[in-house]
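Each of the next two complexes has chain A plus one other chain: chain B in the first, chain C in the second.
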Partner chain A sequence: MNMANAVREHLVSMLVHNKPGVMRKVANLFARRGFNISSITVGDSEVPGLARLIIMVKGDERIIEQIEKQAYKLVEVVKVTPIDPIPENRVEREMALVKVKFGDQKQELFQLVEIFRGKIVDVSKEGAIIEITGSRSKVEAFIRLLSENQIVEIARTGIVAMNRWNVVEKEGF
Partner chain B sequence: MNMANAVREHLVSMLVHNKPGVMRKVANLFARRGFNISSITVGDSEVPGLARLIIMVKGDERIIEQIEKQAYKLVEVVKVTPIDPIPENRVEREMALVKVKFGDQKQELFQLVEIFRGKIVDVSKEGAIIEITGSRSKVEAFIRLLSENQIVEIARTGIVAMNRWNVVEKEGF
Partner chain C sequence: MKGSKMLFEALLREGVDTVFGIPGGAIINVYDELCNYENKIRFYLFRHEQGATHAADGYARVTGKPGVVIVTSGPGATNTVTGIATAYMDSVPLVVITGQVPTSMIGTDAFQEVDVTGITMPITKHNHLVTSVEELPYSIKEAFFVATTGRPGPVVLDFPKDIQTAEGEFDYPEKIEILGYKPTVKGHPRQIKRAMELLKNSKKPLVIVGGGVNISGAMDLVNQFLDKFGIPAVSTLMGRGVNPSNEKLYYGGIGMHGTYYGNYAVANADLIIALGVRFSDRIIGNPKTFAKNAKIVHVDIDPAEIGKNVRADVPIVGDVKSVVSEFLKYDFKTDFSEWIEELQEVKRRFPLRYEKGGKFIKPQYIVEKVDEVFPDDTIVVADVGQNQMWVAQYYKFKYQRSFVCSGGLGTMGYALPAGIGAKIGVPDKEVVVFAGDGGFQMNIQELMTVRRYDIPLKIIVMDNKALGMVRQWQQLFFNCRYSATILADNPDFAKIAEAIGIRAMKIEKPEEVDRAIEELARSKGPMLVHALIDPAEVVLPMVPPGGDVGSPLVEAPYDENLVERILSFEKSRGE
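Now for the complex of A and B:
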């Protein structure tokens, strides 16, 4: 197996002009090109008037280059920064709100929340809302450990990520 | 001033079929209708195969009804749930990663992170990456309190929200 061409998840950070429809334009472009987006988030960036899109996309090593090439075709795209594929070189986070029914497992739930360093942000007689923050795998492990009939509602943010301070950003990884 | 028609931010939660392009379709539809989206997030929901979109949109009281009507025109949209406009009745959260240079303000920064219950998720000689979670206004207050030349990079998730346990969901608010 050629490791360089193994299919895996890649993260890309993009600075874009924060005009109405820019996210739609990026999503349209990527859909036309057949990119397989598994997470997309958008929010104001450090530059006034520019938003930052963080996109997780599945593909082999060449996909980052393809994304850069395609993205720069849009006048709204200011900068594309690949995020280091080595987990130790980046910070990657997701947040989820999970609404759960207590049933007869209230104590077990509170223990689980403590183990995962979650926060109880709402509580009633019947249940609670838990805020859980961490890597995608941590968020998914927490959800997996709840029983299916406990879960009432899940709202997830998608992934935000950036390269750590010690990572020198270069064109492509 | 007619309070019922005051323009403000509204939050809507939508369950949609998790097919490629569904977010794009929703964004396309809303753009065509001239809805002013100030935040959009998407992630897996509690139902396998369905994603949850959380949309913040600016408008008067009638906009929720208009969104519901438009959204249900898409076959991908399974359910639209308005989120209670009263802040006490909902949980609303955003997360941001903020990369900051220390400069000569390292101690002030650490104090600010403590006050906002942020987390330092990366640190080097030159700076740190801070994870900050809370309402949009809390996240924005933290960013505003940093000096402009301290901020290197910001990645924000957009808003996730849900009604609290004590809120009875009804058609429209």
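Now for the complex of A and C:
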């Protein structure tokens, strides 16, 4: 399989006018064009009045090119910047809060939290809430290592990311 | 100034003098204000909001100006949806203003409340719910600016009732800039140069003229380009009007019902220069075999079209008019006479043709007769289905913006209201509407609008007693099982027209066609011809869906049983 047809996850950073309904428009556009969003986050950007969306989608190169071009068709979209697929070239973070029961594995749990440099942000007799921050794969690895009957609740922020200083950003289409 | 007055002041500043619509509770203040603008804005009341929207669309397609629609909330707004989607697919500039319940009631499932921006999101270039009277002037400006610049398209402005009555400052921006919205007009010089180098080295070049050429008003330049370099051309359904002075350079339509030789040209070209084309599935058939021998130069104002359905070897983002005028600055000798001779030979062997003679009127003949009798600059509006394809095949369009039909969405019921809008837009030209019996009944109520404003529209209903195009597919691909397509019980359309007060004529014999069409051309007022046509006629050639454009069906058996079935139905009715 050549690279162009390979399906992988892509991150794009989108600067948009911060107006009511803009998230809905972006999400709607992606759904209509058959692009699968696996993560979307939104927050204020460095420019007043503009918000930044970080979106993760799955697809091949052609789909990714279409995403950028289609996104620009929304009047609300100001700029689309692809985030470098090479992990060393970007900084990517996600945070998860995980509510866990101790059961008889309290010690193991504390060890795990330490290995993953997580934080215990709340404790009680039955269990704790753990905050874990890192790349998506790190967050997911942590969750995978917990046993299913330990987990009570998970809340995740979705991914925020940006290219490192040394990455020359290619102007979107 | 009140919000509703601001709307009309803004319309005047945008040069709008024609508006289409139907009033209602959530827009009643705007309609009240309309009374104060009667001598500046011509308003046309339709009988259905779909009709009003198609009319605005027809008006926009022939004039190039945005079509403006004003309707009420809820059902008024939802009735425009098909019209908006139709305009969206064919890149037609519309500004649709929908009344909305007062802002304080939004989200409460108030009477006649629907989420208009939600519903129309995927079928508009842009939409916006006005949230305060302060932002109203800017929002209207933005609506017109976005609808008419770059790749045009419909914009919906949802206008709550309390903002219509609110007082505010009317400060209308002359010009606006939207951060991040800047359509590229000029093509990249390097890409243009690459395209011209490919042309220089090509043996079998072909220009595909698309709807973008009509929209940008570039048809004359395209004709010059073809003549200057002697390049043969074909057109998509939306790209009709190609008319180089050397007629050996034009090979008709392409795609599903294109000419044999047009599709042959596509399949055998070594270079395709696609101008304002979006390479829809109806054009390319099987994407794997489409133009497999050709390098593709793709010119379009919308970057998202480039590389969407077919690969582009030379992408040129820009306005076709600007790009073609750059092409014309190049000077080099070309000689494609061998290629043209090849195409001429194919055309001689596989011409567009239909069986003449026989007891029924042939629809293709009606189209040829209209072409012969009506002036050259006539605007022809077709509905959807076989009628549309016969018009596209047999009418020789000579000018840009002279063929109006729903290409991308294929909306039955489009032609009558769009024809009304077209005639309102260019009252000095003849406007002929072709419709099938099925589609005609989808907006037949607009005959009342023709009567109300005495619009001298010429209407031809080609009645094959069936939902013809679907019936054709059943005939060819479903063993003649005519599931839900036979309309043997159609009414007498001439009588309906007469009851409304429109002159009409019904014809059923081939020898009646000439006189009817001549009458139609002579008629000063509106007139309808109800033509009973061959009920088993099919549109050929045909590239089956997803098929190879190089090898279309050119023949199909004539279904005598179908004819029998329809005739016996008439007998059983004692007609």
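Keep this in mind: the second predicted complex is superposed on the first by the 171 of 173 C-alpha atoms of A that agree within 3 Å, B and C clash if a C-alpha of one lies under 4 Å from a C-alpha of the other, contacts with A are read in each partner's own complex, and residues count from 1 in each chain.
Keep this in mind: a contact is a pair of C-beta atoms (placed from the backbone, for glycine too) under 8 Å apart; a residue touches a chain by one contact, two chains touch by 3 or more.
Predicted, not measured: the structure shown is a model, and the values here were computed from it.
**Student:** For A:Pro20, decide between first (touching chain B), second (touching chain C), both and neither.
**Tutor:** After superposition on chain A, A:Pro20 lies in contact with both partners, chain B and chain C.
**Student:** Applying the touch criterion given at the start, work out whether A:Asn166 contacts chain B, chain C, both or neither, answering first, second, both or neither.
**Tutor:** After superposing on A, A:Asn166 lies in contact with chain B but is clear of chain C.
**Student:** For A:Lys69, using the defined touch cut-off, is the partner it touches chain B, chain C, both, or neither? Pick first, second, both or neither.
**Tutor:** Second partner only.
**Student:** Considering only touches as defined above, state whether A:Val78 meets chain B (first), chain C (second), both or neither.
**Tutor:** second
**Student:** Given the touch rule stated above, what does A:Asn28 touch, chain B (first), chain C (second), both, or neither?
**Tutor:** Both: A:Asn28 reaches chain B and chain C.
**Student:** Taking the superposition on A as described, I'd like to know which of chain B and chain C A:Asp122 touches: first, second, both or neither.
**Tutor:** It touches chain B, and chain C stays clear.
**Student:** Where does A:Glu131 make contact in the superposed view: on chain B (first), on chain C (second), on both, or on neither?
**Tutor:** After superposition on chain A, A:Glu131 lies in contact with chain B alone.
**Student:** Let me check the overlay on chain A: which residues of chain A are in contact with chain B and also with chain C?
**Tutor:** 20-21, 24, 28
**Student:** Looking at the complex, which residues from chain C come into contact with chain A?
**Tutor:** Those residues of chain C that touch chain A are 117-118, 121-122, 125-126, 129, 131, 142, 146, 178-181, 302-304, 306-308.
**Student:** Where on chain B does chain A make contact in their complex?
**Tutor:** Touching chain A: residues 13, 20-21, 23-24, 27-28, 31, 36-37, 39-46, 52, 54, 91, 93-97, 99, 121-124, 126-129, 131, 133, 151-158, 160-162, 164-166 of chain B.
**Student:** What part of chain A is in contact with chain C in the complex they form?
**Tutor:** 15, 17, 20-21, 24-25, 28-29, 32, 50, 62, 65-66, 69-70, 72-79, 173
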